[in-house]
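Sharing a structure below in structure tokens format, with a few things to ask.
The chains carry the letters A, B, C, D, E, F, G and H, assigned in the order they are written, with residues numbered from 1 in each.
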């Protein structure tokens, strides 16, 4: 078993159900990953250490999901030169998801976070694969095939609807 | 000169003009303070060390101002048991200030940030004084006097307007 | 039994379920409190009297929760030199909580309200404890311990997820 | 000179320029008014007394203008059985006016504020006139005439534009 | 039976459940009213005729409730010199109620609508009573009594909560 | 059977239930239509080809429904000189529908999309009929009759409510 | 000179500068138009008469621009079977344009308004041309040519930027 | 000179001033790039061809900036397996930037766009470098050095402010 290339982190155990969508994508694309619960607010030292050691542990990309005032992605991005993908999560007591979207997206100049759609863990997984695929022919080919499968699903949907209408 | 009780930190030098409003209030209330530029994203180690050492250095309250995806207040609150006051700043490229308001206000359960109004550095200074005043009779009296002065200004405004109208 | 240090007030009896989260925290931190239903709009005289007498009755902090056009925290802050913590509540007919958030947060210069997240009664309790803890070593130590317990919960969550994945 | 029927109040002297639009309308409609600077937050006792005495002093309507977390209209409405018209004002540091709009509009059941558009002091004056006009034939006729004058202005505008185009 | 003083209109039969709250208040205050379904968009001629004839039919105030792009209150206000109270309704497919709030509130200079909170039909009824009460001592006294009853309900809630806590 | 005049397209099969409202209207107005599932993101080539061939296939109007970052209407409008009607759909994970509303409505100068209300598929069908009706007397007459039927429904609702009240 | 096919109406003379963009497009596409200032709120009878007579006067499309609580497009759509294009205008005192966008876009089922982008008068003109072009080959060809010219402008921009970079 | 690794595209020539920030970063990181003006709406065929050929031309990442209903990033992402970075641009007539933020961010499942902050072209350049750096040691080292330089700037700012205060 090779070393993980993608680190998936999330602010709370309750985010797992959603973030598991990223796991499924990475498994489908045969990309090694590791998964951790790490909170920028409740375990800042661990989050700090995780981000600082990411390059040396061989990670290529980090996916960070969090809700509300979601600082995990930004703090991680502050501490690693790797690309960090942020997944805004609409948690309970969120103000319609705007809080996590804006606290992940609106990073200051110098420290980007690659933000995906609200609850977009699947897309975070695909984006991680695309980043790896940009220098890995095999992964790139799997992405091409995946996009082809999306196409087929739409075409089948089209046929079904034409039958219904 | 006694040790600072209030630590004022801000994400960027460009926030000083605004955050100086908090300084003026603390000087008016005769409360010792210290002021630092510290970025959760550009100097995470320094921000980390600052927050971790705050109690031991004798601080009673921290005021943190930042714009955009403003993580400074939250990350500081994660690392100190002291009350942290957050000042959302409407920086350029802010989405109308919503980004800094929501990334400071919407902290997860367990790690509060005492958030004041957008650009409310004056109020952050007063709130810091109120926190100190809750166990310091002299400061409390100065707050009472300050509130009296606000009243007088309104009463004077009232008289001027009645003359004009 | 010692005198209450924290006054918890709320605009309506229906806010009790939520505001009880602040009660639980204060009990956990062994801080005496009192709790009242008081409306800035329906019992303005009582709200007025409550705020005016707060210092003399020995309170150190007031926590005020209200929904919609939430004026209770602001009106209380107008009438006491004590720090006032505002809890925006997402009541029915609220416009997604924005109304209570903005009517509590956006206080004018001179009269701050320490605002916490939407429905953030737990955090209001913690913030009250932090304010008291800033001059009370015992309470400060309990906050340190509380933060440690948050950490452990995340670490346990991390272990469980690693087992699942 | 007869007693004022309309009380115009505003949270700060700086609101006078805007609130003067209501004055102009009332003068045009020959309705007696009084004007005061009164802050729910900086002069709560005065605001309180003003609202409590309004009926006995012969007022029929109160117009209250304020910005930010604008509590003046609501607090006044809490303390008088008279109709209170609220004018949300877009002050500096306002979050695009949303704060004053929502803190005036979203009053809880039992205590309405008749809210007009952002910076709508002219309309507040007209609404006050309409309220008085609903039981005063002369004022009602002046409103009818005023509406006729609005019509003529549009018709003239129409003619000018047809010439231009 | 005397002539109705308040006209309650609504854009759709489905708004009746909500608008009935205004009916209940008017009955409680012993104010005669009439109720109609009238759409600015589906029955513009009827809405037009209703508003034009309102003064002559003896109405003193009109309450108009509508959802989405809610034009009923504004169009009615355009056609009568009487005060028009607008009730924004959060209908299905509404964008969180913002559409009806803004289309009722943000009337242009010259044609005010007295807007109440989202779904605030009760408050619309009270405001109508206050408008009538501003020139009718009996109604004014009923409002005073009503406000007293609100107070008592809060005081009872306070007592219950103190027992619970 | 004559050639379809209206092309109804949607980004996903799951949009069919909603978009079927447009179908029903077109059938009621006896306007030939075709219906397809086509995604700007998952089947860009098909969407491209569809739009490019629309004029030659005899279509007069295209209705495009999509949710989230909804590009289908805009991309179609880019590739055809025909009027394109956009239906913003509030899909799961949408940020309250704002995303699809703004990505359909805010088209740059030169490439309009005729946007209808959130989930407004019925109105999209009517608008398509109106466009065809602007040069087809029969369809125009059916629209006039349809508007009459709306009126009658409101009048019946009015009668029912008067009976209830 | 032939009869106008497009009626351009606007709520106020001050909207002419913006709405003139629609005029320029119609002239470029050689489509006859008429232009009027008509307010749903200040000249409701004229707006009413205009819309009612539109079909008989030979109009094919109406473009209605208005700001704030913008009811002109909706009220016009209520009174004519013709397609009505709504142009939301960001007037002074607008709440960032949201008010006019939502009061034009969110029309109830049965009465669509074809809404274009905020201040999108140019696009309103193009959409009107597309509606006419859907049954007029010459106009359709001019739209095709217009789209070609947009393309060329981008291509020229591309060349200039490649030289600069 | 080696082949470009990063393609920078923008919807309009007027976006160049902003998008040039990405250029400067790539030059600083010594990464070859190409720059083009390409509109999803005005030159759909060119945008289509650009995206389809990107992999074969050797690109590793695409940066797409656009304002309003910004479809360029999404349409490009639909047509390439490469990672696409989206830069929301606050253009004139934008609704405060929300339109471009949401039309870039809220991509449907399957087709991610790595979105950066409003007007965040600098961060888009850095993110592109991080993506390349995840498999290129030299670029990674330059990012580490860049982050060090950000740190030094903050430390210098800190010193200046301490001198001032």
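Throughout what follows, a contact is a pair of C-beta atoms (placed from the backbone, for glycine too) under 8 Å apart; a residue touches a chain by one contact, two chains touch by 3 or more.
What you are looking at is a predicted structure, and each value in this text was computed from that prediction instead of being measured.
> Under the touch criterion given at the top, what is the topological distance in steps from chain C to chain E?
Minimum step count, chain C to chain E: 1.
> So which of C-D, D-E or C-E is the twin of B-H, meaning more than half of its contact pairs are the same residue numbers?
Checking each pair in C-D, D-E or C-E, only one repeats B-H, namely C-E.
> Interface check for copies chain D and chain E. Shared numbers divided by all numbers used: above half gives same, below half gives different; which is it?
Copies use mostly the same positions to touch.
> Using mean C-alpha positions as chain centres, tell me how far chain A is from chain F in Å, no decimals.
34
> What is the distance in Å between the mean C-alpha positions of chain A and chain H?
Chain centroid spacing, chain A to chain H, equals 18 Å.
> Measuring from the mean C-alpha position of chain A to the mean C-alpha position of chain D, what distance in angstrom results?
Distance between chain centres: 51 Å.
> Hey, what residues on chain E touch two or more of the other chains?
In chain E, residues 12, 39, 42, 68-69, 93, 95-96, 98, 101, 105-108, 110-111, 113, 117-118, 120, 147, 150 touch at least two other chains, as defined above.
> For this structure, give each pair of chains that are touching.
Applying the touch criterion to every chain pair yields A-B, A-C, A-F, A-H, B-C, B-D, B-H, C-D, C-E, D-E, D-G, E-F, E-G, F-G, F-H, G-H.
> Note which residues of chain A are touching chain C in the complex, please.
My answer: residues 12-13, 16, 20, 23, 35-39, 42-43, 46, 68-69, 93, 95-96.
> Spell out the residues on chain A that touch chain H in their complex, using ranges where they run on.
55, 60-61, 81-83, 85, 101, 105-118, 120, 122-124, 126-127, 130-136, 140, 143-144, 146-147, 150
> For a test of understanding, state which residues of chain B touch chain D in their complex under the given definition.
Chain B reaches chain D through residues 90, 96-98, 101, 117-120, 147, 150-151, 153-155, 157-158, 160-162, 164-165.
> Report the residues of chain G in contact with chain E in the complex, numbered from low to high.
Residues of chain G touching chain E: 11-12, 39-42, 44, 48, 67-71, 74-75, 77-79, 93-95, 98-100, 102-108, 110-111, 113.
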